[in-house]
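Below, chain A partners chain B and then partners chain C, in two separate complexes.
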Partner chain A sequence: MEPVIIGLVLGGMYALLAQSFVLTFVTTRTLNFAVGEFVAVGAFATLAVASWGWLPTVGKIAIGVLAAALLGALVYRFLVLPFTTQGEHDVRWLLSTVAVSFVLLNLMNNVEGPSPQRSETAKLDGAVDLLGVGVSKQQLLLAALALVISLGLIAVTQRTSIGLVMRAVSQDPDTTSLMGVSPRVVGMGSYAVAMGLAGLAGILYAANVGASPVMGEPLLVASIAVAIVGGLGSLWGPLVGGALYGVLSQVASYQWGAVWGETAGLLLVIAVLVWKPEGLLGRRAEVKL
Partner chain B sequence: MSTVQQESATRSEGPGRRRAGGSGGSGGTGTPDRKQQVRAALRRDLLFSAAALVVAILVILPGRNGEGTSISTMQLVASMSAMVVAAVGLNLLVGYAKLVSLGQGGFYAIGAYGSAYLTLDAGWHPVLAIVGALALCGVVGAVTALATMRMRGPQFSVITLVLAVLIERILNEGNAFGRLAGYPNFAQHDTTVMEPVTFLGITFTPPMIAGEVATVMVPIVVVTAIVVILSRNIVRSPWGASLSAIGESEMLASHLGVAVFRRKVSVFVLASVLGGLGGVIAVQAFGHLQPETFDIFLTITIVLAVVFGGSGTVLGPVVGSVAIVWLEQSDLLEQVTDLQREVSDSWYLSTTGLVGVLFLLTLFLMPRGIVGTLGRSVVPRVRGAVAGRRGTTPTNEGDGGLDDVHTEDVRAPSHPTPDGVILSLRGLGKAFGGLKAVDRMDLDVEHGSIHAIIGPNGAGKSTLANLVTGVYKPSEGTATFLDRDITGQAPHLVSRAGIGRTFQTPQLFHDETVLENVLAGFPDTGRTPLWAAALKPPSRYRRDAEMHAEAERLLELVGLAHAGDLLAGELPYGKQRALEIARALAGDPSLVVLDEPAAGLLATETAGLGDLLLTLKAEGYSLVVVEHHMDLVSKVADQVTCMEQGRLLARGSAAEVLADERVVAAYLGKPFDENEHGAAPAADTTEGDDQ
Partner chain C sequence: MTLRPTRPRSAKPRALQAVALAAAAALTLSACGGGDTDEATGTADADGVITVKLGVVGPMTGPASLYYKYMEQDLETFGDTFEDKYGVRFEPVEKDDQASPEETARAVSELINEDGVQAILGPPLSGNSLQVADTVQRSQIPWLLAGPNADEIINYDQQPNWAFQTNFTNAQIMNVLGNILWADDAKVGIVFSADGFGQSNLDNLKAWAEDNGFELSAEETIQPGAADANAIVQRFEDAGVDSVFMGITQGADTATVTRAIEQAGYEPSTIMTTGTILTDYKDVAEPSQWENVRIVDPRNFLEGGDKEVLDAVQEATGEAPAIPTNNISTYAMLDIYAQAVQEVGDANDKEAVRQAMEDIETVHIGESLTIDSPYSADDHRLYTDDPADWLTYGFDENFDLVLLGSAEECIESGC
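Coming up: the complex of A and B.
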């Protein structure tokens, strides 16, 4: 039972980051490979204001989230958007976001140093008993947050016109702009929200493992895997993918060791892709000639 | 430095082109001409190979005496060689098939660790271990390819990246590989350096100890040169053309007879093996492996080498690799770092960050890379000079195109088909969700006839064409072609069976020349085996010259004799259609399906198209023409089928069908009052089509 519970909790954390992949993919058909660094940006921004006693914890978290969000919007505007202009086969944005990841990682390493720094903001001590398994409150908070945020996003996209705009922009940016919606603004908005989420995950995760430039890297692979398993086009996808991936990789690493946990996760991704390339909850588009 | 484009430009200097300048093509590509062409091609290839080998030998000359001062140079050359080989492999994927793999570093690692492990721990002979490691790369590549080949773009890249990261983790955490102690290490092997390989009595010493000649450098640079030479052969062969076709559009590639899935798997395996070979070179030169050097930075550096040098060019990955390795190992980047630190001691970028910046700058300023950018600025000038000398100016103005067809150039299909029904559809249907786009259609096409399919927009005409050529799988019914069941077969099988086609909107390789577009249409694109593409046997030279002459003839046939060197994307719409017909004919079909060939044509071009279709028919081709243009249909069609809402509405001769009141009603959308003017709907629909 223990690996299943831990797996679900871990999966929740991955789902939070996977959600940021889905968000940018749904609207702009791009993924930010630098998301791991945005996790660290959020953590460090909050760390920088941690000593401001007059600022309540919410405010400190908000600063971390906003810093990541702002940077995300800028990265989209200046380093992603210019590299998406040559139709659907254009994947230069992929290379540019990888380059951004290198630059940010290197910069943070030089500024903050490579070793993890303690972060006390939004830190929850202790563990709760979940079906006989002790789960740290911090991790549970992350998982619960992923669930709440996912449900919130789904509600917003289904109940308001924002969802319609997002889908329209992803399907046909040109026509959408004729309707008076700026795909650029929508893209920057979705990058801001997505990277804000990544920053939030970073702040909460840093309270657990400390803030360091490479803290996002281990999360990156897992959350990409989760996003793909669930389906990049569906906001429900990360929840389903996160649960599956988390449980499977935990069970495998309990049985055979840590390396096999990740391998099992990757094999899950390959199995899903062979069976349904669009992900478990994704929809396949018919090609029309 | 020569590039693919540049060489294609010089190629057009060849004798085959001369005819174009002459008066009204006599179709006389004489054998002497062709022999000369073969000889010229052979000379170019030999020259390139010789140059590659000479460069390879020149760079290791400083180490011929094994002086201590030359060791660092030799190590630099070895690093560059390893990167060149891996990048050349990746270029096949990224530059030609447009599959952006971020996993090349993983295969590099498998090649390095695999060959070392098989030698040290498994006790294999080192040469056998190298072969084994490369085979392992091939197998891992094949499995990855099979799993990822249904996806494109970001998903593919993500999976390959995940693979590279996973391999790095296994190497970092697997106890058998010594973890942070590296491989080999004292604890496990009593040494930290691999034994030099001894093969056929020769010991291949790595560049490590002063006074010892680093003999291993000879096989390293020779193998690197051979990889570059063979990769050049591959990308300039029809096999390479099929990769570009896949990169442009998989649907189009499969219509050219390419088994897309299998070819993508082959190219991925090839790229993986070359990635592994890069790793093998690294082991042989340095004798020791550290897991942290096989991180994500390595895999991205290989991508950067390809993009920086120029993806989709022969020399791009070579130039890029050499430049990147030199940059990383020289102290130039450190100097830039020091410069920044004078301004701020914490906010500065060091090597990885600077490489990231370099990557961004390349994407912004030189998206075609060094070689691609140089090629772009040099080629047009060369091309202009060539055209000037020939006395022909390749412009897209004025005459030419379908109003200048040379019907005397038409030749009969090479496989004469028996009289009778060549294509037979029975109860063929296709439903998209609830909508029945085609509903139980029957259709028979007689050998050597033109069968026109007409009907209002949305009647299911194009869907029917797509069902025949394999774009869609029919939901019901059968299709038989030359007594063979082709129901639901993939486009490349239909194409190989002898059905060519053109598309409603011309599907061309816009960035390639008109001539290259036609060349891609030959069956060779789908059928050339990889070994023949790489080794380029004499038969390949002869066939190249033959295809060239044939392509010239087809271009003249459709009135594009003067346009061979233009980029296809620069052609006006009508000529793009003409080019598509020429490409379809290059595939040596018995039956050609033309989807609205007259749409967007000028009146004179439509007339020329009519003549061309009639000549093709007279020579024994069978044609299916989906068309709105009733003048053309009346002129050429032996039989006309009118569809409405996916079903058969009327069938018969053109006059009969056009006079049918149901047909007129279908077009005009209102009850028919008079029944005299059969041609009335024609005028209306033609107008509607010109939008």
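Coming up: the complex of A and C.
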């Protein structure tokens, strides 16, 4: 039972980050490979205001989220959008987002140094007993937040006009723009929300492991894997992918040792790519010629 | 003194590495730093000062940059000290290996073939040192290894040998730790980082156990930056492990393990680790997680020459010693090399300098600590593995070290 519980909790944490990939993909058909650094941006922005005693914890978290969101919107406008202008086969954005990753990493290393810094904002000490298993309160908070945020995003995209616009831009940006909707603005909005989520994950994760420039890096592989398993085109995908990836990797770790945990999760990715390349909940796109 | 090149991370996801390389190439602004080499003749100038062109290689940038910083701190703090004591001035030629073995190989090759350095300090990481061990040995240049712990770096079958260590080696610490870990026939488990340091810890602990009729009950690896270690702890509990050794490079990863130990309510009778816990651990752990953790080390961080070195670094740089153990080891290494150069009078006569290092009579650490005749042809290690010469430390609630006695006392009566 323990690996299942721990796996679900860890999977939830990965799902929160995976949602960042899914959000940008469903609206702009791009992925931001600098998500790991946005995790750190959120953590460091909150750390910068951590000593402001007059600001409540929620305000400090909001500053971290907004910093990551604003930077995310700017990155889309100036470093992603210009590299997507030559049609759907134009993948120069891949290089530019990797470049953003390096630039942010170097900036943070030079400004903040490589060592982890203690972060007390939104920190929950200790563990809770969940079906007889001791689970870190901090990780449980991350998992619960992933669930709530995912459900909220699904509700917004399916039941509001904003969601309708997002889906329309995703399916046919040219036609949508003829109807007065700016795909550029929608893209910037998606990146802002997605990177804000990454920043939020960073703030909460930093309370556990400290804020450091590379803190998001170890989560990146798992998060991409979760997004692929669940399906990059589905907001439900990260929840399903996170649960499967988390439980499988933990069961493998408990059974055969930690070295096999990530390996098992990545084998799952390969299996899904072979069996259902669009992901478990993704839809296969059919193009009429 | 230092140019800081833009660098890629060393552990990008594999799927991105090809792209990463391209992006890194586009972003790289400069390759390395270097000093003014005009004065570094290796012989005495008009003032009687011998300026040595010293190659310094390590992860100048990136997540592991603390492993470079301690060398910078020591050179900055003690440059004048060695010039005053021995008439030897160090002119560093710095290379950034980004903690990548391939970059280490390139950097060392440049130092030897293009920069013409008279000695090489670093790299500080065992895996990277192993990568270039044959190259340096073949090139016949004094190799100053103040950081790496791996025994495998020096192959004593190759004589004369050009590598010298001033940190303890993994085999040495395992001789001390093994006696503590297996006291009262305890069941022992090791969690080790997935890198050269961790692997060397595992190999040496297993070797010691085999030589002494014991066996490991569990061995687990932890990836750098792992999100959790719950499975590791559970497997230790399932195996009945009551004596844990953490051979982990990064203090932050050690914190992940101690956090999981606390979370699981796991209470092994012994938890030992190495001095690496002194770096990057305190800020990501809680007092309840370190209260039962112990380390052993041949250095006395709380008084005497070792402490003098650490205090001097703090005073001169205005910051804490980056890796206290290695700050001390680097001082000892520079002291040995400077004495050898002074004795020979010409840093270009590398074989004579190497021999003088091997024959060194007294190593000075700070003002008040000396170690006599540590080296011989088949032993280039500064410390011994006698538990009586090692110290056991715990930590108070502020993570300040608390001396618990010698390792020998710890073995005999618990610690």
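Convention: the second predicted complex is superposed on the first by the 289 of 289 C-alpha atoms of A that agree within 3 Å, B and C clash if a C-alpha of one lies under 4 Å from a C-alpha of the other, contacts with A are read in each partner's own complex, and residues count from 1 in each chain.
Heads up, the rule we're going with is that a residue touches a chain if its C-beta (ideal position, glycine included) is under 8 Å from a C-beta of that chain, and two chains touch if they have at least 3 such contacts.
A quick note: this is a predicted structure, and the numbers were derived from the prediction, not measured.
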| item | value |
| --- | --- |
| Superposed partners chain B and chain C on chain A - clash or fit | clash |
| Which of chain B and chain C A:S253 touches, first, second, both or neither | second |
| Partner chain(s) touched by A:G152 [first = chain B, second = chain C, both, neither] | neither |
| Chain B versus chain C as contact partner of A:P56, first or second or both or neither | neither |
| First, second, both or neither for A:L79, with chain B first and chain C second | first |
| Touching partner for A:N106 - first (chain B), second (chain C), both, neither | both |
| First, second, both or neither for A:V269, with chain B first and chain C second | first |
| Which of chain B and chain C A:L10 touches, first, second, both or neither | second |
| Residues on chain A lying within both footprints (that of chain B and that of chain C) | 33, 94-95, 98-99, 101-103, 105-106, 109-110, 221, 224, 258-259, 262 |
| Chain B contact footprint on chain A (complex, rising order) | 25, 29-31, 33, 79, 82-83, 88-89, 91-92, 94-96, 98-103, 105-107, 109-111, 221, 224-225, 228, 232, 258-259, 262-263, 266, 269-270, 273-274, 277, 286-287, 289 |
| Touching residues (chain side chain B, partner chain A) in the complex | 98, 100, 102, 144, 146-148, 150-155, 157-159, 161-163, 165-166, 169-170, 173-174, 247, 251, 297, 300, 303-304, 307, 346-357, 359-360, 363-364, 367, 432, 462, 466, 471, 503-504 |
| Footprint of chain A on chain C - complex, ascending | 4, 6-9, 11-13, 15-16, 19-20, 22-24, 26-27, 61-66, 194, 220-232, 234-235, 252, 255-256, 259, 263-265, 279-280, 283-284, 286 |
| Complex contacts: residues of chain A adjacent to chain C | 2-3, 6, 10, 13, 33, 94-95, 98-99, 101-103, 105-106, 109-110, 113-118, 125, 127, 134-136, 139, 208-210, 212-215, 217-222, 224, 250, 253-254, 257-259, 261-262 |
